[in-house]
Every structure is written in C-alpha cells, then in structure tokens.
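Heads up, the next two complexes both have chain A, just with different partners, chain B and then chain C.
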Partner chain A sequence: MASLSLDNVKKVYPGGVEAVKGVSLQVPDRAFVVLVGPSGCGKSTLLRMIAGLETITSGTVKIGDRIVNDVEPANRDIAMVFQNYALYPHMKVFDNMAYGLRNRGMGEPEVKRRVDEAARLLEIGQLLDRKPRQLSGGQRQRVAMGRAIVRQPAAFLFDEPLSNLDAKLRVQMRVEIKKLQRDIGTTSIYVTHDQVEAMTMADILVVMNAGSAEQIDTPREIYQRPRTTFVASFIGSPSMNFLPAKLTGDGKGVIVGGVPIALTGGAHAAASTITVGVRPEEIVVGADGATHTVAIDVIEHLGADTIVHGKLVADGAAALTVRLVGYWPLAPGEILPVALHARALHLFDPTTGQRL
Partner chain B sequence: MVERRSMLARLVPHVILCLGVAILAFPVYLCFVGSSHPQDVISNGQMPLVPGHLLTESYWLALTRGVARTSSEPVGLMLLNSLTMALIIASGKIAISIISSFAVVYFKFPFRMAAFWMIFITLMLPVEVRIYPTYKVVADLGMLDTYAGLTVPLIASATATLFFRQFFLTIPDELVEASKLDGAGPMKFFWDTVLPLSRTNIAALFVILFIYGWNQYLWPLLITTRSDMQTVVIGIKKMIVTQDALTEWNIVMATAMLAMLPPVAVVVLMQRWFVRGLVETEK
Partner chain C sequence: MEKRAIYGGLALPLLLLTPQLLVTLVFFYWPASQAVWQSFLLQDAFGLSTRFIGLENYRELLSSPGYYRTIGTTALFSTLVTVLSLSIALVLAVQADKSIRGAGIYRTLLIWPYAVAPAVAGVLWLFMFQPSLGVLARGLRSLGVDWNPLLNGDHALALVVMAATWKQISYNFLFFLAGLQSIPRAVIEAAAIDGASPTRRFWTITLPLLSPTAFFLLVVNIVYAFFDTFGIIDAMTSGGPSKATETLVYKVFFDGRLGGDLGGSAAQSVILMVIVIALTAVQFRYIERKVAY
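This part shows the complex of A and B:
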C-alpha cells in the first residue's frame, strides 16, 4: 500500500501524437482514483505509463517514495486488471492467479494460502480447477481481479475492467469492486469512460480531455462546481444545458433569454456576453415563480423520470432539456413554464470555457 | 447440414467421393497385390488382382535382406535412416522457425523487418535452386554421408516461420503485458505462454514437415554415397534395375508399401491435433 504521485507527466507517441499533455496528480494511500473522459483522451496511456507498459516522455511517476520512471513493470509493485481480462488461456484459474507469485520465487504453501484467500474473497473457490474458456465473462473478470489481489501490490490499476460485461453484471461488479477496495484498502487507479462508474466509485475523480486533466476533485465537487464547460457537460446525464446570457454592468445579475436573474454572489467577466449552464434536474417546473417558458419538442418517459427536450421561448430559442421526477403527461407542442433559479446557475466564459 | 435433402442429392456427393477414393487407392492396392506374387509373374506383364502366396515372405525378405544384389541394404535400415532424417528435419525446422518468429514478432531490434524479409526471400531458394553451392559447402565441411549433411541444408524454413509469425500476431498484446507485470522475462514468456499456446500449431506443422522430410529425394541422392546411409525413397529407386527381368518386383513393391507406413502412421496419430491446429486457436 502506498501513495502515488504524478508530476507533469507527458507522453508523445512516435509519430508525434501528444497523448498526455502534462498531468500532475497526487493519490493518497488507500484512495480510489477514477480517470474518466471520452475515448481517445489519453486515459489508458496515462495508466500504462504508471504500469510501466509505456515509456514516460517527460515528468516523473512516483509510487510510494520511489521514482519509477525507469523501473521495469514487474518491479513497480503494481497489479493491473485489463479490459479483456488477459488471462493465460492454457492455465487453470489457480495457476493464473499463482503465476506472478511463483515467478517471484514465493514458496508453494504461501502461494496456495494467498490464492485460496483471494478466491474466498471473490467467491471463485469452486472455479480454481477450470480453464478460462470454461468461465463466463463475469467469472473471468473475478479471476482477473484475483490475479491482482494475490500479489498484494502497492496499487491496483484498472483499465475499463467492466466494459466487456452486460449492463446488469456491470452494476453488480461495480459495487463489488468498490467494496473490495474499501475492505483491502489498496490504492487504486481506475480508468473508465462511463460517468456512472466514475461518480459512484471515485474518492478522487480526474476528468480528462484531449490529454489534459481538466479537473481533479471529489465527485461531488465536480458535479456541483464543474470548473469548465467540458467537465460540466461530460458529468451529469442528461448533459447540462448551456444558454447564451449577458452579465449586467454591476456583475450582480445575468440576463437569460431576455429575463434578468439576480445572482446570489456576483461575477466578473472580460466581456458582458457569457455562457450560463443549468442542469436539467435543477430546472423547476410550474407556473408559480416561472421565469421562462419552454416549447416542448420531444418527451422521453424513463419510468422514474420524464425528460423533456424543448426550446426556450425567447429570442435565440436556445435548446433546453428538463428532467422531471415521475411520470408527466406532457405532449410535444405544449408550453412548459419553468424557473431558472440563481443557485442553479453555473457561469462560464464562452471563449475559454472556464468557470467565472 | 440440417436440411433434409432428396435421396439423389445426398447420393451424388457420396458417389463422387467413393470414386475419388477408388482412383487414389487402386494403385496402392495393386502395389500390395504385386508384393505377394513371385517376380516372374510381374515381369511377364501379368498383373494379378488378388494377393498371392508370397506375402509374408516378401516383407520379411525386404525388411531383413533387401534385394539379392550384393550392394543392397536391408529395408529396415533404410527405414531407420529415413525416419531419423524426417524427424531431425521436422523438429529442427519447428525449433528454428518458432524461435525466429518469436524474435521477429516480440523484439524490437535494428533491421528487424530486413531480417524478416530475408527469411521471406529464402522461399524462392529451395535446395534444388542452390544445389551446387550447397553441395560444395557440405562436402567441404566433410558432412557427406552424415545425418547432419542430410538434414542441415534443409532445415531453415521460411514457410514455418511465416506460419508461426501469423499465429503470434493473433496472441493479444495484453497477454504479453500481463506476463511482464507477473514478472516473466521474454524467455519465460516464451516457455510458459507462447509454447503452450502453440501446441496445436506445432502438431499440425509437424505432420506436414515430417512428410516433407520423409519424401526428400534429390538431396539425399546427392549427399549419400555409402549404401548404409541410404533412405528408403532412394532405396526403392535403386532396387529397380534396367533389365526388367532382373528386378525383384515383389521386394520392390513390399518396400514401397513399407515406405508408406510411417507417414500414414504420423497422419493418423496426429490427425486430431492436425485439424485443430489448422482451424482453431485456443485464445
């Protein structure tokens, strides 16, 4: 068990692709860090640099107190769980889990003790004599986890470990991995493109975009105070609405769709034109205190929620999505009165995308 | 095939298959029959279609004595020579090509692709093409009439190298990476992962290469002068003398039958593996 720290880590692939553009990250001991971002943003590259499977172009990676830039993967004291499990097809489950221990010269009684312990933890004791091809996807996933656990490494690295599973199993394994990590307390870095996994599993969430870490914070902070429009739109489902707005001269209010809204704090911006973000679930619907009206285009009934896609009835007619709890008997073409409250608004600079 | 087809539609392919088998098997049958008749019956041009009375005698004579002329060796010895040659060629080809493919696929070294293409180009240079220089080298090295001389010049195999390379390229990269994280160095990865995964491919290749080695004719003909180094394929040829009447046809045909047995045995024994190696991979 150890802390982990990245200092301005960069990766340029041969051919000039700049996959990771200077990421710094402090991971305390026992923390569960999730790297999330769209496909191709450099998550896997970053993880593989920590594992030692890719060279580090510049910057330093520290595991515990040791700089590991030039340390072989096997000697970095980390274990990795791959997306396609990467189990040895010709070895029984037991041998798959024992392989790394035996290669390190561990005695057979201790190997057996550790494998049995991990198998008990993962409830795969009855599978130890099978070959990987005789296992289901979920079982293979557990064996891959087991192979990491028996090593008792300083850190676990996961690269989208659940994306080959069906939706139901994914939810179940997500909960189990999180619980397991809390129980054994091993520092973990987990890569995913799934924001639900990211939000539910992370102690520290790193939102990546085009090779940079856009925001590193707790999931709650990232949801409530996204630092950029990218983070704001990536986390949350449906995505945050963005509306063009004007800041009043004194910075105490914004004008959205022609309607002035007094801000609780105040804001400063270089230009008076700004972007206002508001989450679909934070728009209040009802005639009382309504500030705007929405012309409904499409309704989606999810059962627990109703999602309304429409346009703000105002000049500019910006698109707006509203999420309502429960079943709402609405129809396309209807006009919905809504209220945008000041505390629900996120203000961004429209050119840089930074939070104001 | 699950659909029910008419009697005729099922019969036609069957008849064609039976015809094919008959055409291929008939000469073998004739040879078998010929080995059981006295030599003068065959020399006279009467080819009987049912086995005669010399069956065990012909085979016994062939195995232990060969043909009656003094220079000839017993077929038992020739079979042993052929077996040794075929086994060395097959296992040597597999060992060398699996290691070279491993190097080409998993290591980055200068001129890697150049090395690969040079191996590839040797496809155009079989022994028959480079026969004089190869003979000269082998003769200068004093390897005439040795097993080394018989096998070494045939052992490098571009085909097998390509075959293993294609197979290695289908092994997922994550398996290499998992091995690295599990503390296995390159050679340990080779022994513990690559080799076990290649088992069926090795078996399939062994069948093909064993038969290739067994059937060698031109090279052993050049390189062996001593009759006790003769292989059976050459032995058969030498048993047939120009004057028809002097050829002991029953012995020749018995030898031909005997020469067919080891390749048949290899195919039959390895059939299961052979088919699996060519159609499926265990990944």
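This part shows the complex of A and C:
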C-alpha cells in the first residue's frame, strides 16, 4: 500500500496528439480516486502512464517515495484490471490468478493459499478449474479482480472495468468493488466515463476534459460547487440547465428570463452578462412563490421520478429540464409554474466557463 | 450450437451441389479410383498387356529396401523443412509484429512485399549454391568445405531442404503474423504487469495462444514437404545423387514415368493418398479439440 503522486504529467503521442496536458494529482494512501470524463479525454492514457504501459512525455509519477518514470510495469508494484478483463484465455482461472505470483518466484503452497483466499473473498472458489471462455461476463470480471488482489500490490488501477457488463450487474459489481477496496485498503485509481460510478465510488474525484483535470475534489464538492460549466454539465443526471442571464446594476442580483433574483453572496461585476446554472432537481415546482413558467415539450416518467423538458416562457425561450420526485400527471403543452431560488443558482463566466 | 438450414426436399440441395460434386468426381475420385485399380495390375513396359495380380505390387514394394530408404529420406527431408520453415517464419513474424503492433490493416499490407520476397529469392539460392559458379558455393569451398551437391548426397539434401524451406517461409510468416496480431494487446500487457519477462511472455502467453495457427501450419507444411516439393527436387537434383534426395512423391514419378512400373507406382500413390487422408483427419480432430483453448 502506498500513496501516489503525479506532477505535471504530460503525454504527446507520436504523431502529435496531446492526450494528457499536464495533470498533477496527490493520492493519499488507501484512497479511492476516480478519473471521469468523456471518451477520448485522456483517462486511459493517464492510467497507462501510471502503469508503465505508456512512456511519460514529461512530468513525474511517484508511487510511494519512488519516482517510477523509467521503471518497468512489472517493477512498479501495481495491478491493473482491464476493460476486456484481459484474462489469459488458455489458462484455468487458478493459473490466471497464480501467474503473477509464480512469475515472482513464489512457492506453490503460498501461491495456493493466496489464490484460495482471493477466490473466497470474491466467491469464485467453484470456478478455479474453468477456462475464461467458460465464464460469464460477471465471473470474468471477478477473476480479473482476483488476479489483481492476489498480488497484494501497492495500488490497483482499473480501466473502465464494468463497462462490458449489463446495467444490473454493473450496479452490483460497483458496490462490491467499493466494499472490497475499503476492506483491503489498497490505494486505487479507477477510470470510468460513467458519472454514477464516479460519484458513488470516489473518495477523490478527478473530472477530466480534453487532456486536463478540470476539477479534483470530493464528489460532494464537485456536485455542489462545480468549478466550470464542463464539470457542472458532466456531473449530474439529467444535466444542469444553463440559462443566459444578466447581473443587476448593483451586482447583487441576477436577471433570468426577465425576472430579477436576489443573490445571497457578495456582489459581482455590475450589469455583466453571465451564464446561470441550475440543476433539474433543484427547481421547485408550484404556484406558491413561482418566479417563472415553463411550457412543457416532453415528459419522461421514470417511475420514481418525472423528467419534464420544456422552455422558459420568456424572451429567448431557453430550454429547461426539471426533475420532479414521484409520478406527475402532466401533459405536453401545459404550463408549469416554477421557482428558481438563489441558493440553487451557479454563476459562470459565459466566455471562460469558470465559476464566478 | 445447431447451425443447420432447413430445406424442403433433396432436389434443390443436390442441384446446388452438382458443380462441386462434379469437380470432385472428375478431378479426385476418378483418378484416385484409377490409381487404386492400377495398383492391382501388372502392365508390361510397352503398355500392351495388363494382368490382375492382386496385392502383389504392394508386397513387392514393401519388401524392397529402396522403398524404406526413400521413406527415411522423406521423413528426414520433411522434418527438416517443416521445423526450419516454421521456426524461421515465427522468428520473422515476431520481429515484424513488434514493429507494427496496433497499426492495423494498412501496415499489414505494407509487410506483404517482405513476405513475398523470399519466394523470389529462392531462385537466387539456386544460383548462389551452384557448385561451379555460385557465390556461396565458392565461399564454402574457401572455408574448406568441399561443396558439391552433384556428388555429395548430404550436400544435395541440404540444398533441397534450404530451397524448399525458403519457398515456404513467406506463407508461414503471413499466418504467424496474422495469428500474432489477433492476440489482444491487453493480454500481453497484463502479463507484463504480472511480472513476466519478454522471453517468459513469449513461451507462456504468445506461443500457447498461437498454437492453433502453429498446428494448422504444421499440417500444411508436412503436406507441402511431402508433395509440393516435387518441382524443387526435380529441378535441382532429380532425386540424386544416387537417390539421396528421392522422396516418396518423387519416386512415384520416377518409377512410374521413367521406370515404366505403372502398377508399383500406383501402389505408391495409394499409400501416399492414405498418408494425406490420415494427416487431414488428424488436423480436423486436433485443431478443434486439443489445441484450441
């Protein structure tokens, strides 16, 4: 077990693709860090540099107190779980798990003890004699986890390990991986494009965009105080609404859809144009205290929730999504009175996307 | 898993199969049955009279020491050609695979000329080892080796083995390369993280995953060495000197065509045919069971 630190790590692929543009990150011992971001933002590249599968163009990667930039993957004391599991197809499950231990010259009794221990932990004891092709996706996933666990490495690296599973299994494995990591306490870095996985699993969440880490924080902080419009829109489902707005003359209020709303915090630059963000679940619906009205376009009944897609009835007619708890008997074309409260508003600079 | 199309009757499938069946009948079953029939006959040298003699041709063949010598030569020749062409092609393919990992079809196409070149170069081998004029022949002689495949049986055998091997390398290379490219990169990377050195990775991961390809090629190469090397042997040594490079297939030709022993030659081809059928059967058996993972 070890801490892990990245200092201004960059990756330029041959051909000039700048996949990672200087990421710095401190991972304390035993932490579970999730790298999340859209496809192609450089998550895998960053993880693979930590694993030693890609060279590091510049910057340093430290595992424990050791700079590992030029250390072979085998000697970095890490274990990795791949998206397609990458099990050795010709070996039985037992041998898959034992391979890394045998390569390091461990005696057979100890190998057996470790494999059995991991198999018990993952409840795959009855699969040890099978070949990978005789396993279901979920079972392969467990074997891949087992192969990482037996090594007792300083860190686990996961590259979208659940993305090949069906939705139900994904939820189940997500909970199991998190629990397992907490039980054995191994420092973990987990790559995913799924924001639910990111929010639920992370101790520290890194939101990546186009090769940069846009925000590194706890999931709660990232949800409540997203630092950029990108982070705000990427985390949360349905996505945060963004509305064009203008600050009032004294800078202490904001005018959204023609309606002034008093802000609670300090004053901002007067009369400037800004972007206001508001999460669909933080819009209050009801005639009492309503500030705006929404013309309903489409309704989605999710069972537990009702999602309303509509437009603000105001000039500009900005699109607005509202999430309501429970079943709401609404119809397209109806007008819904809503309230935008000051404490639910996130203010962003419309040109830089930075939080104000 | 059942993969079976349902047809209403027998007429349509038969009709659709007719061309295939005709080709097989005309070009395989007809000559094959002729050979079997011939092998029971004794024909005089001028082809004027024939006589049914049952298994006499086989008895004579199996009691002649020359036939066993030819079997020995064939076994040695085939083993050398198969082992050499497989291992050289594998080494080349592994090198090529390293430099084109993950580069897709485009680079694979670029490799083709390299793969085909050895076949062209096979012709050059002949010139290079030609005893009186060849560059390498003279080089060998200057090293004290009295290189003379025209007189020395071992030299002649070495020469046809080299030429036959060379001709087969490109074919093996392409299959090995395709096999290597189809091994998922992540599996190799997982092994690297699992602490396996490149050499160990090759023996414990790459080679086992390549074994279906290797086994397929093994059978193809044995069949090649047995049958398709007739041209090389005929052109380079004509089975000589004093039958040192005479393989089974060459003997069929030599005895039947030049020696006029049609019955004995037919008996030999029947035996060869049995060998091919056995090899093919082995291939179908194993490729689906033991070697697949």
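Note that the second predicted complex is superposed on the first by the 352 of 356 C-alpha atoms of A that agree within 3 Å, B and C clash if a C-alpha of one lies under 4 Å from a C-alpha of the other, contacts with A are read in each partner's own complex, and residues count from 1 in each chain.
The definition used in the following text is that a contact is a pair of C-beta atoms (placed from the backbone, for glycine too) under 8 Å apart; a residue touches a chain by one contact, two chains touch by 3 or more.
None of these values were measured; they are calculated from a predicted model.
Engineer: Putting chain B and chain C onto chain A via the overlay, clash or fit?
Structural biologist: clash
Engineer: For A:111, select first, second, both or neither according to whether it touches chain B, chain C, the two together, or no partner.
Structural biologist: After superposition on chain A, A:111 lies in contact with neither partner.
Engineer: Considering only the touch criterion stated at the top, classify A:345 as touching first (chain B), second (chain C), both, or neither.
Structural biologist: Touch status of A:345: no partner.
Engineer: Contacts for A:320 in the overlay, against chain B (first) and chain C (second): which applies, first, second, both or neither?
Structural biologist: neither
Engineer: Taking the two structures together, which residues of chain A meet both chain B and chain C?
Structural biologist: 51-53, 72-74, 78-80, 82-84, 86-90, 99-100, 103-104, 133, 147
Engineer: Quick check: in the complex, which residue numbers of chain B touch chain A?
Structural biologist: Going by the criterion above, the answer is residues 172, 174-175, 177-178, 180-184, 188, 192-193, 196-197, 282-283.
Engineer: In their shared complex, at which residues does chain C touch chain A?
Structural biologist: These residues of chain C touch chain A: 184, 186-187, 189-197, 200, 204-205, 208-209, 211, 293.
Engineer: Hey, which residues of chain A end up touching chain C in the complex?
Structural biologist: 51-53, 72-74, 76, 78-80, 82-84, 86-90, 99-100, 103-104, 131, 133, 147, 151
Engineer: Chain B touches which residues of chain A in the complex?
Structural biologist: 51-53, 72-74, 78-80, 82-84, 86-90, 99-100, 103-104, 133, 147
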